[in-house]
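Both of the next two complexes hold subunit A, though its partner changes from subunit B to subunit C.
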Partner chain A sequence: MPVVSLQNVSKTFENHVVIDKLSLDVFKGEFLTLLGPSGCGKTTVLRIIAGLETCDQGGIHIDGKDHTHVPACDRDVNTVFQSYALFPHMTVFDNIAFGLKLKKTKPGEIKQRVEETLALVKLSGLGHRRIQQLSGGQQQRVAIARAIVNQPLILLLDEPLSALDYKLRKEMRLELRQLHRKLGITFVFVTHDQEEALTLSDRVVVMNNGAIEQIGPPKEIYEEPLNRFVAEFVGESNLFDAEVIKTWGETMDIRVQGVLKTVKNRRGFQAGQRVKVLLRPEDMTVESGKQACLPGSFPGRVEEMIYKGTTVELIIRLEDGKQVVVLEFFNEDAEDISYDMGEGVCVSWIDGWEVVLPHE
Partner chain B sequence: MKRWIGISWLTAVYAFLYIPLLTLMVYSFNQARFTTVWKGFTLKWYVKLMANQQLLDAFFNSLTVALVASVIATGIGTLGAFAVSHYRFAGRKIFFGLIYSVMMSPDIVMGISLLMLFVLLGMETGFLTLLLAHVTFCLPFVMVTVHARIRGFDSMVVDAARDLGAGEFQIFFRIILPMILPAVLAGWLLSFTLSLDDVIISFFVTGPAFEILPLKIYSMVRLGVKPEVNALCTILFLMTLAAVTAAHFLTKEREQ
Partner chain C sequence: MNENKGFKNTAITVNMLWICLFVLVPNLIVVVISFLERDPAGFFRWEPTISHYIDLFDPVNARVFTHSLSYSFGTTLLTLAVGYPFGWFLSRVGRRRRPLLLMLVIVPFWTSSLIRTYALVILMKANGVINSLLLTLGLVKGPVSILYTDVAVYVGLVYSLLPFMILPLYAVLEKLDTRLLEAARDLGATRVQVFMKVVLPLSLPGVMAGSIMVFLPSLGLFYIPDLLGGAKSMLVGNFIKNQFLTSGNWPFGSAASVFLILVMVSMMAIYLLVMKRFNRSVMS
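Then we have the complex of A and B:
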């Protein structure tokens, strides 16, 4: 049984449909991420789960019980707000103790639980500080502590890392994962950063314009995107226009860039249909173009070479003007990866690593 | 050169503002009874003032009205400001705009309209009508002061409190009120001085049975300015100054 279940939820703000018949199940103990461009309705979904926003249509069940009309204060859900929203007139301790005090917890237990939580978020000894005396990273930890001290059924996190600098963000990512494992609470996390979504989550929900485009584990979202939006939003991609020539069983022939290729046909495409072929930069290969290109590969010229430490990113212009990004890994047995600007090359991909999408 | 012009200009402005007040204060310590000639320092007018039972009664009445009216206005105004910034309802902006129009309307208009209302309602002018009138003209000042403060902080804080289990009552008393307290106190002090100083509106809405200080002074000076009045005005001015200064620091404090 899902711990949160949204059924056909719609929300309109000032005649603008923000959430459009969205259904979503969140399972107990999982780390679920809502990923999508800014303005696509992620925060609104979170606020509907928290009860801070009502839905115009549809309903919400939490822990199997109808919560559509249950106010925020009576839901077993706590939120880490994007702006932290800490209480500026209280100390760190009082901020964290706020929820427990409202639940009439005994002072002794409050003290113990707040201290434990402070230790958990690595802020031991800072309980007496005022909020204004904390750094951004520390405020972030207080915001997390203030929510988890209540041991809610579900923890909602709205872009909690977006205000931190790069290094701190990576550190906090790891800590969030550890926290999730330690607490066993269901996490619903919101981000517009695909890397964050892929590294943190058990499942990713890709959203666009108030609707869900795809739900799945990070690997599936990345390797088997359902459509062009997901493919382009999650990770870098090269998309080629193609046409199906002939199909048989799970295989088909397609014409890409004037070249005939045999690929898998998992989605029942028909001969004559137009499709898109998606290739991740790391799934493409480059050969020196001193001889004529082999059949099945595309001739092109190197426009840019970007050194990235363990990889090299090549920007290649194909003969018809299309630009392709290829990621080459350094490995020990291969000779140096080095190309001259404007050098002729042949681009191909490892058979079977392509994803064929419907043409939209 | 430029600096000198600036300093002289500033001196002129402050002289313009404060010479009348200073004159009054200085003469409250003057020996002479009728002339404006300086005859030496004395405190006798202050002593005399203390013996004038009528004046003291009026002063006490004024303080009572100012205190009660400002407390009521602060209570209602604070809740009003909270409602305007916190709940979405139809006509919210118009409602708030109307507050300003009350603030800006001339005292004489307010006075006459309030008097008409009281007459229509068949109320006898006296303490109650005076109190209601003072609450009315203090209210907008409290609302505007408190509203500015509420607008100044992150509204997500309220959502956070609700998320942590706080109901409306707890949100107001544990989150909103502590955060806006300086503005509430400032609004209260402002109301207190406004009420204490008011002449025109009070003139219309109070009755002969309930005399207040500004009106008493007004009737006294019609027969010529007595040095006791100077002394009284000095005391009044210092009280107002203290209240306004306190209000100023309360609104400034914690803003940075």
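Then we have the complex of A and C:
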């Protein structure tokens, strides 16, 4: 049984549809991420789960019970807000104890649980501090502690890492995962950062325009995107127009960039259908174009070479003017990757690593 | 640049002169006179004494002060009770309607407060607007006496001073981060608890500022009790006015003035002290 279940939820703000008949199940103990561009409605979904927003249509069940009209204060759900929203007139301790005091927990138990939680978020000994005396990263930890000390059924996190610098963000990501494992609480995490979504989650929900585009484990979202939006939003991608020439069983021939390729046909495409071929930059290969390109690869010229430490990103202009991005890794076979600007190359991809999407 | 500096210096000098001449000097005169003997012929004699200050604590006179303080205290509580909900409403209403509502608070300032007090007399007198209305509706048999009661004085004081309570409260509540209220809700606080544990503590600076701005003037607004309360409700302001204009006892009136100023200054000091502590806890 899902711990949270949204059924056909719709929400409109001033004639603007923010969420359109969205249904979603969250399962106990999982780390679920809502991923999408800003304005896609992901934060609104979170707020509806928290009870800070009501739904115009549809309903919400939490732990099997109808919560559509239950106010935020009566839900077994706590939120880590994007701006932390810590109470400026209270100490760290009082901020964390806020929820427990409201539940009339005994002072001794409050003290014990707050201390335990402070230790859990690595802030032991800072309970007496004022919020203003903390760094951004520490405030973030207090915000998390204030929510988890209540041992909610579900912890909601609204872009909690977006205000931190890159290094701290990576550190916090790791800690969030450890925290999730330790606590066993269901996490629902909202982000627009695809890297965050892929590294943290058990399941990713990709949202766009108030609707769900795809739900799945990170690997599936990245490697088997259902449509162009998911493909382009999650990770970098090269998309080629193609046409199905002939199909047999799980295989088909397609014409892409004037070249005939044999690829897998997982979605039952028919001959004559127009499709898009998706290739991640790291799935593509580049050969020096000193000799004529092999059949099945596309000739082009190197337009830009961007050194990125462990990888090199090549921007290649194909003969028909299409631009593709290729990622080359340094390894024992290629200790030195070097191309001249304008150098002729042959671009291909590793067979079977392509994803064929319907034409949209 | 030099020219600018010259203008700045001139402006400051003129202002300082003005303040010295018309604020500092008269107040010093009052302080000096308060320590001189009374002279029925020429207001005061050059003979030092502190008897006027001792007289202030004479039960009859002291009662005027305590009575006046309790009036001001009541007025402050009433304006707070009326002003807080309005300030809250003002801070939460849509941005488009806000200027209009703020206007409604400020417009009364365009008319002299004395004239507005006379308008209240017309409303509240025995054959005034309110009584006519009540009689016409048949709600009362005969005219209700409102004017020349404590109620009338409170109505007048609260009406005149309400904007001084609303504006500082609005200023604080408007800046209140709504996300804090959501966070409190999220952590299990009911609406009442959100107010008591988050809104009220964070709006305390506004409550304090508004209370001071209502309490202090209400001690000195002599014409409102005069016009609305009749002779019965004597406040410090009336008391001082009477010493100067009716009894011709300038030294005693001066002593009462100085005492009132001391009360006000000590309240301001307390306010500043509290605010400093509050700011240290919230802002630093």
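The rule is short, and it goes like this: the second predicted complex is superposed on the first by the 357 of 360 C-alpha atoms of A that agree within 3 Å, B and C clash if a C-alpha of one lies under 4 Å from a C-alpha of the other, contacts with A are read in each partner's own complex, and residues count from 1 in each chain.
One rule holds in what follows: contacts are C-beta pairs under 8 Å (C-beta built on N, C-alpha and C of every residue); 3 or more make two chains touch, one makes a residue touch a chain.
Predicted model only: the values in this text are computed from it and were never measured.
Model built by superposing both complexes on subunit A: subunit B and subunit C clash. After overlaying the two complexes on the shared chain, residue contacts for A:150 are found with subunit B and with subunit C alike.
In the overlay built on the shared chain, the residue A:88 is in contact with subunit B and with subunit C. Once the two complexes are overlaid on the shared chain, A:130 sits against subunit C while remaining clear of subunit B.
Within the superposed three-chain model, A:70 lies out of touch with both subunit B and subunit C [touch as defined at top].
Contacts of A:259 after superposition on the shared chain: neither subunit B nor subunit C is touched.
Of the two partner chains placed around the shared chain by superposition, subunit B and subunit C are both touched by A:103. With the contact threshold set out at the top, residues 50-52, 71-74, 77-79, 81, 83, 85-89, 98-99, 102-103, 146-147, 150 of subunit A are in contact with subunit B in one structure and with subunit C in the other. Residue ranges of subunit A in contact with subunit B, taken from their complex: 47, 50-52, 71-74, 77-79, 81, 83, 85-89, 98-99, 102-103, 146-147, 150. Considering their complex, residues 153-154, 156-157, 159-167, 170, 174-175, 178-179 of subunit B touch subunit A. Put simply, subunit C touches subunit A in their complex at residues 177, 179-180, 182-190, 193, 197-198, 201-202, 281-284.
Per the touch definition, subunit A reaches subunit C in the complex via residues 50-52, 71-74, 77-79, 81, 83, 85-89, 98-99, 102-103, 130, 132-133, 146-147, 150.
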